[in-house]
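Each of the two complexes below includes chain A, the first together with chain B, the second together with chain C.
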Partner chain A sequence: MSWIAVGLKKDVPPGIVIPSRLADTELAVWCAPSGSYHAWSDRCPHRGMRLSHGFVRGNTLACIYHGWQYNEAGSCDYIPAHPKLTPPDTICVPTYSCTEAGGVIWVSLEATDQPLPELGGRVPVRSVPIALSAENVAAHFGAGSAPTVAVVSDHDTVLALQPCTDTLTMAHVLASPDADPKAVSRWVEDLRATLEGVPA
Partner chain B sequence: MNTAIENHWYPVAMISGIDGPRETLLLGKKITLGRKDGTCWVKDATGKALPTVERFGHLWTSPGQPNRDLFTIPEADSPGRRLVDVGSVKVKCSPLRAVENFLDIAHFPFVHTDILGAEPHTEVDRYDVKIREEVDEVWATKVKFYQPQAAKSAAGGITTEYMYRVPAPTCSVLYKTCPPRPGEWDIITLFVQPLTDEWCEVWPWMALYDDESTMSEMVSFQQLIFMQDRSILENQIPRKLPLDPGMEVPTQADMTSVAYRRWLKKIGYTYGAQLVAA
Partner chain C sequence: MILYDYVLSASCYKVRLMAALLGTPLILRAVNFHPAREHKSPEMLALNPKGTLPILQDGETVLTDSADILRHLTMDHPEWRSPDDDRWLAFASDLNESLGLARLHDVIGYEADIDTARAAGVTALRKLEAHLTEQRFDGLIFLTGKAPTIADIACFPNTALAPDGGFSLDPYPSIRLWMRAVRSLPGFIEMPGIHRLHELAHPA
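This part shows the complex of A and B:
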C-alpha cells in the first residue's frame, strides 16, 4: 500500500480538522498545534458523529457532539460529562499512517515501508476536484493502473491523485517554485474541463 | 406486515397547517391527508381510510390496528399554559436517532452552546431511569443540568431539572423546570413521523407557562435549538440507530439512551434500527 495525498499543508494549518476520503474510508484529517498531522476514521465511537465536524483543543481532537477528546494516539482521554473519570483504553478511534512532506499531507491506510513519493522539489499550488476516477485521470497522462502521483510535462507539474469515489478524484497540483502559480492554476482548470467534457 | 411497528400512532401533520389534501410518507408508504368540515382524514395508497386522532395540535394516524389509545399528557391541560405548534423539520436520519438525541443532555454545552449548556458546566450527575412496565414507557427522572438560557422565559443561568418520558417509539415528552414558575413543569415534546427508516419529519410541540414571550419568539427559540440538533443528526454514522451493544460506547450519562434502545429491542421496534454491526 502506498502513500496517497489527502490535502495540502497550507489548507490544514495547526488547529484545523477537515473531512477527506480514500475510496470507502472516510477520514478526519487534522493538524495538532505541535504541527503533527493525523488521519483518523471519521467517526466518534461514542455516538457515531463525524469527527471532521469536531474541534482541535490542545493536542486533542474533540467531537462536536459531546466534547469527547482524543489524544494524538487516537485514545479518548477526556469525557466532559464525567470529568473525574479516566476513560478506559478501549475507547479509541481507528487511526492511519499520516505524515506531511513537501507541503502535502500523505496517508497510508495500511502499514507501509514504502518511501514517500518523489516530488522533485516542486511545491504545492492548489487542489482541484475532478469528476472522474483516479484511473481515468491518470490514463489521460499515460500513467499506470494504480497511480498516486503522475508527473505531467505541461508546466512540469506533479499531480498527486486522491481517489475519493469511483467518480471523483482530488488532484493535488505541485509545480516548480519558479512556475507562475496563476498559469498553473489556469492550466489545471482547463485540464479539469477537458477531462469532464465540459466547456472551460 | 410487522404489527410491532405498524400498530402505533404516528404524527403526520400539524392540524393548523392543513389547508388542502396533501401527500406524505409514513413508514416508507405514501398516504394522503386532509380536512373536511373541520375533521381530519387520512387514506393509504389504496384509498382505504386510516384511523385518526387529533391531539396536541397534531393529526395522528396508524397504518395498523393500535392496541391502545394515543398517549395523553394530562399536565398539558392545566389552565394558563400556552400551546405552541413549533412547525416541522425534515431530517435525514433514522426517526430513532432523532428521539435519542432529544433524550440526551450531555451534548448541551457543545451543540447548544450558551443556551442549554456551557463549559465548564459539563458534568452529568447520576439520575434515575426505568422502564415502567405497567404503562410500557421509558422514564428518566431527577435529571439535573446547569443551563445559561433554559427557555425563552429564563432571565439567566439556572440549574434545570428534567424528566423524560418515551410513551411511544418515535415520541418523547420532556417535563422541565419552568423558569417563571419554579413549582411547575414546562412541557416540550418531540413527535417524530418516520417518513422512511432513514428520513423523518420532526414536529416539536410545547405547553409552556410564559406570559411574556410572543408566540413567534417561543417558536423561534425551539427552532434554533432543533436546527442545531439537525447538524448532528445528519452526520451520525450509521444513519440508523444501532440497538446491539458493541457498535457504540455508552457511559453513565447515556442511561436514558441505553434504556430506550433496550426497550425498542424488547418491544420489537426495529424500524430505523440497525441490529447487527455493519
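This part shows the complex of A and C:
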C-alpha cells in the first residue's frame, strides 16, 4: 500500500487530534503546534484507550485516560502519576509514515520510497463520507486501487480515496484552484447520491 | 426562572447550556424521567399537559418547547439571534427525532423505528456537515455566521450526543470543528456524554 489521504490540512489544524482509519488499522492523526503531522496506532500502550480521544499538549499527544504524554517520535515522555520517572524507551506508540503535501495529509502504513500522488496543482475542497467500499467507488470510474481517481467534471476534480470499511470510504475532494468551492461541494453531494444509488 | 430538568435529556441541556452562556441563573428542579416517568405524574401534567421536558417557568409564563425557551432566554440578547435561526430551530427538531430518538432507543430502551431513525440521522448529519462546510468557505464557523446564536445551541446537543445512538461523527470534519468552537465558548457547561475541551480545563 502506498500513500493514502487521511484528511485535509485545513480540517486538522495545529493542536488537533482526530480519529481515522485505513481498512483495519485505526489511526490517531494529529498536528503538532509546529505544523508537523503524525499518524499513530490509535491505542495508548498503557491501557489501550484511543489516543484520538486525547489532546495535544505542547509537542506531545496526551492520552485522556491517565495523561501519559508521547513525543513526536511516539515515545512516552511523561507519566503524570510518576513525575520523576524517565519512562523507558520500550513505552512507545506504533507510528506510521505521515506527511502533508498540497493541503492533504498522507499516510503510508509501510515504509515506502514511492512519491506522493501528483495533484496537478489542484487544491483541496472538502472530505466526504461515501457509504461504499473504496474498490466499489473506484470501480465506478473504471479505476483500480490507485490512491487518487480523476473524475470528469466542470471543476477538474480528483478524489483521493481513503478505504475505511466495506461500507465507508472517505473521499477527499480536490479541484481546480479556479473552481467555486461551493459548486464543487454540491457537485460531490450529487456524485455521492448517484454512487450510493439514492435519488439526489 | 425554574427549569424542570432531566440531566440526560438533550433538550433540557439546550436550556441549561444557553442559560450558562448568558450567565442567567436557573433554579433546577430535577425530574426523574427515567426510570420513574415522573414527567407523567399528576403534578407535572398539571404544569405541562403534554407530559414532556423541559419545562421553563418564568413567573406566570410556562414554556414547554425548547425552541420557545431558547427564544425566551435570549429575548434581551440580540447578539444571540439571527434571521436564519428559525430554519435551524426546525432542523434541531429533525435532529431530535432522528439522532435523539436513536439515542433514547439505545440508551434507555425507547420504542422506535430504529432503522428509519438511523437513516434520517445520517441524512441530517450530512446536511449539517454540508452547510457548515459552506460556512467555512466564507470564513464562518457557526451555523448562521461569525458568532453563535440559538441556532447553534439548539443543534449542538443531539449532534454531540449522536455516538450514544450509534452514529459515528468521525467522517464529519466541519461538524467536529463546529463542536469544538461551541465547546470553546466562555461559560460552556458539560453534560454526561459531552465534556469540555480538556486543554482548557487543565491549561498546560
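Basically, the second predicted complex is superposed on the first by the 190 of 200 C-alpha atoms of A that agree within 3 Å, B and C clash if a C-alpha of one lies under 4 Å from a C-alpha of the other, contacts with A are read in each partner's own complex, and residues count from 1 in each chain.
By definition in this document, a residue touches a chain if its C-beta (ideal position, glycine included) is under 8 Å from a C-beta of that chain, and two chains touch if they have at least 3 such contacts.
Note that the structure is predicted; figures quoted are calculated from it, not measured.
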Go through the superposed model and pick first if A:140 touches only chain B, second if only chain C, both, or neither.
neither
Go through the superposed model and pick first if A:64 touches only chain B, second if only chain C, both, or neither.
both
Return first, second, both or neither, reflecting whether A:45 touches chain B, chain C, both chains, or no partner chain.
first
So, A:91: does it touch chain B (first), chain C (second), both, or neither?
first
Have a look at where A:11 lands relative to chain B and chain C in the superposition and call it first, second, both or neither.
second
Going by the contact rule set out at the top, does A:155 touch chain B (first), chain C (second), both, or neither?
neither
Overlap of the chain B and chain C footprints on chain A, residue-wise?
64
Interface with chain A, chain C side, in the complex: residues 126, 130, 133-134, 136-137, 170-174, 176-177, 180, 197-199, 204
Can you list the residues on chain B that touch chain A in the complex?
106-107, 109-111, 119, 122-124, 231-232, 235-238, 242, 247-253
Over in the complex, which chain A residues touch chain B? Could you list them?
26, 42-43, 45-50, 53, 63-67, 79-83, 85, 90-91
Can you list the chain A residues touching chain C in their complex?
7-8, 10-12, 15-16, 18-20, 54-58, 64, 126-127, 129, 164, 168, 170, 181-182, 185-186, 189
